[in-house]
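Chain IDs A, B, C and D follow the sequence of writing; residue 1 opens each chain.
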Amino acid sequence: MLAYALLLSAALFVIGTLGVIVRRNAIIIFLSIELQLNAVNLAFVALSRYTGIEGQLFVFFVMTVAAAEAAVGLAIIISIFRHYKTVNVDRFNLLKW
Amino acid sequence: MTDFIASIPALYEDWVLHALLWLPVAGLFHVMAAAEDRAKHIAFSWSGTVFVLSLGLWWSFDPGGGGFAMQSSTPWIESWGVSYALGLDGISVFMVMLTTLTTPIAILGSFEYIKTRRKAFYALMLLLQTGVVGVFLATDIFLFYVFFELTLIPMYFIVGIWGGERRIYAAVKFFLYTAVGSLLMLVAILYIYFSSGSGSFSYEAFLGADLTMREQLWLFAAFALAFGIKVPIFPLHTWLPDAHVEAPTPGSVILASLLLKMGTYGFLRFLLPFFPGAAQHPTVVAVMLVLGVAGIIYAAWVAAVQPDAKKLVAYTSVAHMGFVVIGVFALTVNGLQGGLVVMISHGISTGALFLLLGMMYERRHTRRIEDFGGIGRVAPFFATAFVITALASIGLPGTSGFIGEFLALIGTFETHAVTAIIAATGVIFAAYYMLPMVQRVLFNKLDKPENRTFADLSRRECVVLGPLVALMIWIGVHPAPFLRRMEPSVQVVLERVEEARTVLFDGASDPGAGLAPRPAGEEE
Amino acid sequence: MLLDYTSSFHYVMALLPEVVLSCWGMVILIMGVVRKDGGGRGQETGWMAVAGLALAAVANGWLYSGVAEDGASAMIAVDRFRLFANWIFILAAALSIVISLAYVTRQKLQAGEYYSLILFATVGMMVMASARDLMVIFLGLELMSIGVYALVGFNRRDRRSAEAGLKYFLLGAFATGFLLFGIALIYGAAGSTNIQMIASAIGAGTTANQLLVPGIALLAIGFGFKVAAVPFHMWTPDVYEGAPTPVTAFMAAAVKAAAFVAFLRVFVVGLEGVYGQWWPILYWLAAITMVVGNVVALAQSNVKRMLAYSSIAHGGYLLVALVAGNDTAVASLLFYLLVYTIMTIAAFAVVVTVGGQSEGNSRIEDYAGLGWRRPVLGVFMTVFLLSLAGFPGTAGFIAKYQLLLGAAEARLWWLSVVLVLTTVVSYWYYLRVAWYMWMKEGDDTAAAIASSADPPFATHAVLVLSAGLIILGGIFPETVLDLAYGSVEGLRLLVAGASQALVP
Amino acid sequence: MGFAASVPGPHLPVQEVAQWEPVLPGLIILLPLLGFVVNGVLALRSAARSSAALRSGTEWDPFAGPARPRTHTLPTWVGPGVMFVAFVLALWNFAGMYGAELHDPVVVRYWTWIVTGNLQIDAAIQLDQLSMIMMLVVTGVGFLIHVFSVGYMKDDTGYPRYFAYLNLFVFFMLVLVMGAGYAMMFIGWEGVGLCSYLLIGYWFTDREKSDAGKKAFIVNRIGDLGFLLAMFLLFQAFGTLDFGPVFEGAEGRLAAGGATVTAITLLLMLGAAGKSAQVPLHVWLPDAMAGPTPVSALIHAATMVTAGVYMVARSSVLYALAPTSQAVVAGVGVLTALLAATIALQQHDIKKVLAYSTVSQLGFMFLGAGVGAFTAAIFHLMTHAFFKALLFLGAGAVIHAMHHALHRADSHEDAQDMRNMGGLKDRMRITWVVMWVATLAIAGIWPLAGFFSKDEIIWYTAAWAGAPSNPFGTLYTVYWLVALVTAMLTAFYMTRLMVMTFHGESRVERNARPHLHEAPRVMWVPLAILAVLSVFGGWVNVPEPLAESFLGLFGALPMSEWLHHWLEPVTHDAAAIQTAALGEPAYGAPLVGGGEFAWALASTLAAAVVVLAALRALGGRKYVAAARDTAAPGGLRGILANKWYFDEVFDAGIVRPVLAASRWCWKVVDAVLIDGFVNFVGNFTRLAGWTVSLFQTGQANTYAFVLTLGVLLVLGAAVFL
């Protein structure tokens, strides 16, 4: 049972990872990352069945952190949008090599 | 009062090494604080003072049984077993004195050559002196390493700032080349540190490390690379011509006289005593001898066809140091002593040659041999000094060069006759590279108008060259006082090699044999 | 004072530096809102922040000198390892703030937010250093990261800053995902996120290895990202180059230090029992990081970016200490971080000064002839570079030497050889700055840059202090070295005590 | 730790037990050194004045003023003066030694020169019969040549420098002959080489002359290499380089005819061949004629070039132990004698003829030393010093006169080319006479010095050829025949020289003729003294078989076999060894028989016939002046005129290949291979850095991708490995 849950979590995580790699829109990338975090949350919840209640507790921490991250992240995205009028990450390559 | 006078010698022995080491640093601060055009005089006075102080070593140094004299040791980084330990023995005493002599001479020789940024220059020269003296005085491996590396920085800047056209290339090449070796040596040092198990970086502790043959060979390779680059041994020498050509005169002088000696000094001080087994391993000996001989012949040949006088002399350094290498790895008293004398002699004569070439450059702003000719007519004193120095460099009997090469060769012949025979052809090739240069510079027709105004030696330049020329002849005529002072220490090195032969090669392994007891009363 | 956690007051005491700094950060934030910037106001706010750091340092010192721990708090360590690390963070933050003072005013940044973000990020680092629980580490890490994300993109008027911020944020969050996943797996394997519980579970052999091993790997990746280990380093050069220079300094020094400290506690303490499982990973990471960091730095013509690669390389050196994992190595990691903090921030201070108004003057050509035109800057920069290169006479040498000592003790000979050879490579690019400063004359642009590169008093003070410390540390390192060694004892001792207390 | 000087102070001279106290022997060496110092200071002062003038655009003529400057007058007294005192001292010591009937050498030690664990070399001098003879020759002939130089060089601006070099040379030469061991000898050995270098290139602004000096030095160094290696072997065999222990221990430590002693002696021979211009290392000596003529007389005829002979004689014990080496020495000697004599036939430069004549005579000496006739070799060395010095100085007088005359006539003809001379006998009577004396002496005409010495060498070759157990008997016979032929050639080319120079019609440029006149007294007096010595010098060693015959004036010649007895203490060990090994020398010549008297008589008659025939044959011949003599001689004459192409062969076989190899080492090995590798490592690293930095695209997606790749790698490694 646990294995299935973990596999599902891993699958979600991989999807998130692929999203980060292939998508160009900063917001979508960010959402893919959120997907990864939620995949982990799923793993925590599944594991907590075997290890104790802390697992479910951690999910709240992660959610809180993710929210904070979202706040800062979106601010940054807005800030760069002001310069480029786009959030397409392959446009942002002033810094390279 | 008489008590006080009677106590002077003991007092002198107590502080002289520290004074030699740190007075240049004091001078450095003085130079930095002084006005730009006073810098050279201040630097000269400080280094001159150090030289005068070091003269006392001639009398107060007691070769004794070949161990360290005037030892002192103060804990420095106790958690690592590092101490500030200085000492002097027959191997280092002349290296120290050579340093204290060469530095003021190089400084004096740079009075006209260095026209810009003089404060910085003289400060770096004094820093360099501290570094070199430290290398020769340190009896703690960590301390040694610090000084060994420390010498790179001032030299890097001296070459890079006051050098010629390709100075940056030369400076960086010099720096990286030597750094590769010394950093690998650092790893080897740590290996011995842990093998010795004494938790100390003192020289004695390292001597006590019990190393298997296999370990010795690896560590030997690391040390030999570090010192071999410094020496430089063929084919690790290509940094040298570049560095020499680009360096300003005083830089070349210090480089040739002192920095190269750090490599061969390392052979005698560390390589043989630490790895006596590897040092007499037939393959190792064969490799080192072949490289030494190759250096002698090859460098002589390459030197002979150089159009640039400074480059020519740079290559001759490689040839000379080849004699040291074969002398050392002959593992005979004569070879080792000969190597030491070659080191001293090369320091004096090549230093003087670089000074002379510097004077040529100051007058004519060229170093190409073909731009000269007939200088002997317009500058007789210059020519005289040049000829004497050149003759000392090619090892004419009666000059210091002969004593060293003769002993090195005879020592090599005792154990490796064929090597010595091939190496001895170096005496022919020495004439082959040096005489044409002497001829093309000093002799031949004075056919270039700009050479007609070539000024003879000034009084200052006479003072610069005088002591060097005198030393070349003194050592050539009466080297015994030098040889007597170094012999006991050389014997100590050889005895260690000898011991290892019985332990490693005759199968009689005694694990406790290598552990030298720590000398009592190290703390002062 | 003895902390036995019988009263909740003890918990506050155990977290005193963090508490002090958090409160102070809020005060600064409020100051920034209440007071309008302009004139010397921003600078005052900055000095206020420094004062807060000083208070935190006092609190830290109090913990260091007089406090013993009895029993374990499970999540927060009161050991000298943490406290020593705290000093590094405080020092890094303080130095970064001081070199920011003129910068913030010049670039018209909001001082209140800026300084308070630094303070909050510092709190995050402190939490990471003190954490004895993976979850706390995660929280500390995020607290630090979020603050730094904002700081990197702080100069909103600058495209590069914004771009750096975005990259850092996206990739940072991405890497955090891996870290978190690793935490989850280890939690599943060991049944706890507490480092001591994990250690004892591993010791007892009751872990699920099919979860543990990938968990360790993912954890290594997560930390690897923060310490900029190759191949998780891709963000580093861009972010370091784009971020406001004082922030780059802060990141290079403090963020890296925090990540390493947590990394070390998790792996060397928590996962000690499965050393065989993780050392090869870190071994190769260390080797590749050293090589890539140093080699790519050769190709850089921008000093700031070069220092970024150099920072990657230093991360590689520090990874060697992690691989070695013995007491000497742990001490050397702390000592190295301390020294690295000083020298890298000081070097960035010079970059800030030379960078000028537009912050664009960080091409290496801009440094041509700087040494002769601005001898003070030149000499100090040379000292910092030599120290970064690990040259004798500087603290950088002592630090690198200790690192090697640790590696040698662990008999990591090949890694040591890689370390020294890549060090040789690094000489080239450090010396290149020196040769531009001293051996090239420089054109008019360089002359103009040099004439405007007049460090303000505060920066000057940082330079003098740093150079002094670096040279002093190179000659008389004993005191600080002993502190570093002392910090290790704490780390090991408490582990033993705690696992007894915790294992039922 | 004591503050005591642990090293003893300077050593006082320590003398070994001796029957006889030498008188200030060190001073004999020191005096020329003193002269060098004084003259050297003067030379520097005068050079400083002339260079100062040169820098300001003028020339300083020291002879322009009413009185010569002191720098150009003092050397006149200092240079020859120290030589005179040294000669007197040497004579005094000779008298002492003569009276003492010394058997063992007297060794005077001054200080310890080199001392290491197992090697000690003292700065010590050895006085015995051999070194005494050499000292007398060096100081005596040296003094005469110094005096001659006063006249010859008086108008040279470098006058003090000249005397400084000359004094320095004598100093080193005395070290060479007086040194008490091979190491000391080597100091002198290289020292005289140095002075030779300096003096050949004395007119250093002339490219050819300084080239010649350089060539002399380098070729000599090839020989010195042999000397060095021989010393190494000696040290290995004996643990010392002092003559005493080496010669005393030689028989015990070295197997007779063994590899070691043969190697030692052959290597010494190499050294000797370099210094004494034996084939194939003779190439430097003819070039060395670039130096001032008195230098040629002193260094390249009388003293330095004979150092090799001295060394072989000194090492007689070692050579006696190595018959193979002896055969080689003798063979090289006789070959040199023949080749040089043939070359001399076709030379036009008066000094070149004399140079090849010297090489040839040195060959005779080597022949003598090689066959074990060490006394004969030294004897010939001595007489050769007299008549060859005389010949050179005479030639110097001729050149001096020619130069002066041509200079007056503003002619640029070559003052040394015999084709430009002719008929000088009327204008230079004294020179003509003394030159004839010397010519007859070298030709071996009884009763002049050369007759006795050369004849003894030839005779001993024959005698040892017939020794019963000589393995090289046949070879020696060949040597003997060649030597006889060469002796005839000598007579011929010397007569040719005399004819071309002094006889026949004058080919001197017409305007110059009135200015030709005899050399001043300061020059001809030494010539006269040397002429006397060339006449009577041979009487010190009239062989027994001749003494009682009319060739010895029926015993009326004084001092019969005196030199033989005098050198007995030095050579008897060698003689004993040789006799033991080869048997007694034969009493008759090989092939045809006949005793020493018969052959001596025959050879002097033959020589006389050759001289007379040559006089007749060449006397009437018309020579063309050099400028008009454009026809290149062909055939054998061409080969001879081109000196058997030695220089060309060396040039193509050694000099060029070494130069090419040097260039190759520099341009290819050093610059491309080694430095190329070094730079490649550096550039490769930088290139690698640049390449890797290209992955840093600036694209966040790329970064994420690389990161993920890393994740996969790490995960894979962790899970699967």
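The definition used in the following text is that a residue touches a chain if its C-beta (ideal position, glycine included) is under 8 Å from a C-beta of that chain, and two chains touch if they have at least 3 such contacts.
Just so you know, these numbers come straight off a predicted model, no measurement behind them.
**Student:** Looking at A-D and A-C, which one has the bigger number of contacting C-beta pairs?
**Tutor:** More contacting C-beta pairs are found at A-C.
**Student:** Using only alpha carbons, which chain's centroid is the nearest to the whole structure's centroid?
**Tutor:** Answer by centroid distance: B.
**Student:** Suppose each chain is reduced to the average of its Cα coordinates; what separation in Å results between chain A and chain D?
**Tutor:** Chain centroid spacing, chain A to chain D, equals 96 Å.
**Student:** Express in whole angstrom the distance between the two chain centres, defined as the mean CA positions of chain A and chain C.
**Tutor:** 25
**Student:** Chain A to chain B: how many Å between their CA centres?
**Tutor:** 64
**Student:** Distance-wise, how many Å sit between the C-alpha centres of chain C and chain D, to the nearest whole number?
**Tutor:** Their C-alpha centroids are separated by 79 Å.
**Student:** Enumerate the residues of chain C that touch no fewer than two other chains.
**Tutor:** In chain C, 166-167, 170, 174, 237-238, 299, 428 touch at least two other chains.
**Student:** Two or more other chains touching the same residue: where does that happen in chain B?
**Tutor:** 176
**Student:** Show the residues in chain D shared as contacts by 2 or more other chains, in ascending order.
**Tutor:** As it turns out, chain D has residues touching two or more other chains at 682, 693, 696, 698, 700, 704.
**Student:** Using the touch rule from the top of the page, what pairs of chains touch, sorted by label?
**Tutor:** All touching pairs, sorted by chain label, are A-C, A-D, B-C, B-D, C-D.
**Student:** Give the list of chain B residues in touch with chain C in this complex.
**Tutor:** 76-80, 117, 145-147, 149-150, 152-153, 156-157, 160-161, 167-168, 171-172, 175-176, 179-180, 183-184, 186-187, 190-191, 193-194
**Student:** Quick one: in the complex, what on chain B touches chain D?
**Tutor:** Going by the criterion above, the answer is residues 9-10, 12-13, 59-60, 62-64, 69-70, 173, 176-177, 235, 237-239, 298, 301-302, 304-306, 333-334, 337-338, 374, 376-381, 384, 391, 396-398, 402-403, 406-407, 409-410, 413-414, 417, 420-421, 424-425, 427-428, 430-432, 435-436, 439, 442-446, 452-456, 477-481, 483-485, 487, 490-491.
**Student:** Over in the complex, which chain A residues touch chain D? Could you list them?
**Tutor:** Residues of chain A touching chain D: 17, 20-24, 29, 89-90, 92-97.
**Student:** Would you pull the chain C residues touching chain D in the complex into a rising list?
**Tutor:** 166-167, 170-171, 174-175, 178, 213-214, 216-218, 220-221, 224-225, 230-232, 234-235, 237-238, 277-278, 280-281, 284-285, 292, 295-300, 425, 428
**Student:** Show which residues of chain C lie in contact with chain A when the two form their complex.
**Tutor:** The contact residues of chain C facing chain A are 135, 138-139, 142, 146, 149-150, 153, 156, 159-160, 162-167, 169-170, 173-174, 176-177, 180-181, 183-185, 187-188, 191-193, 237-239, 241-242, 299.
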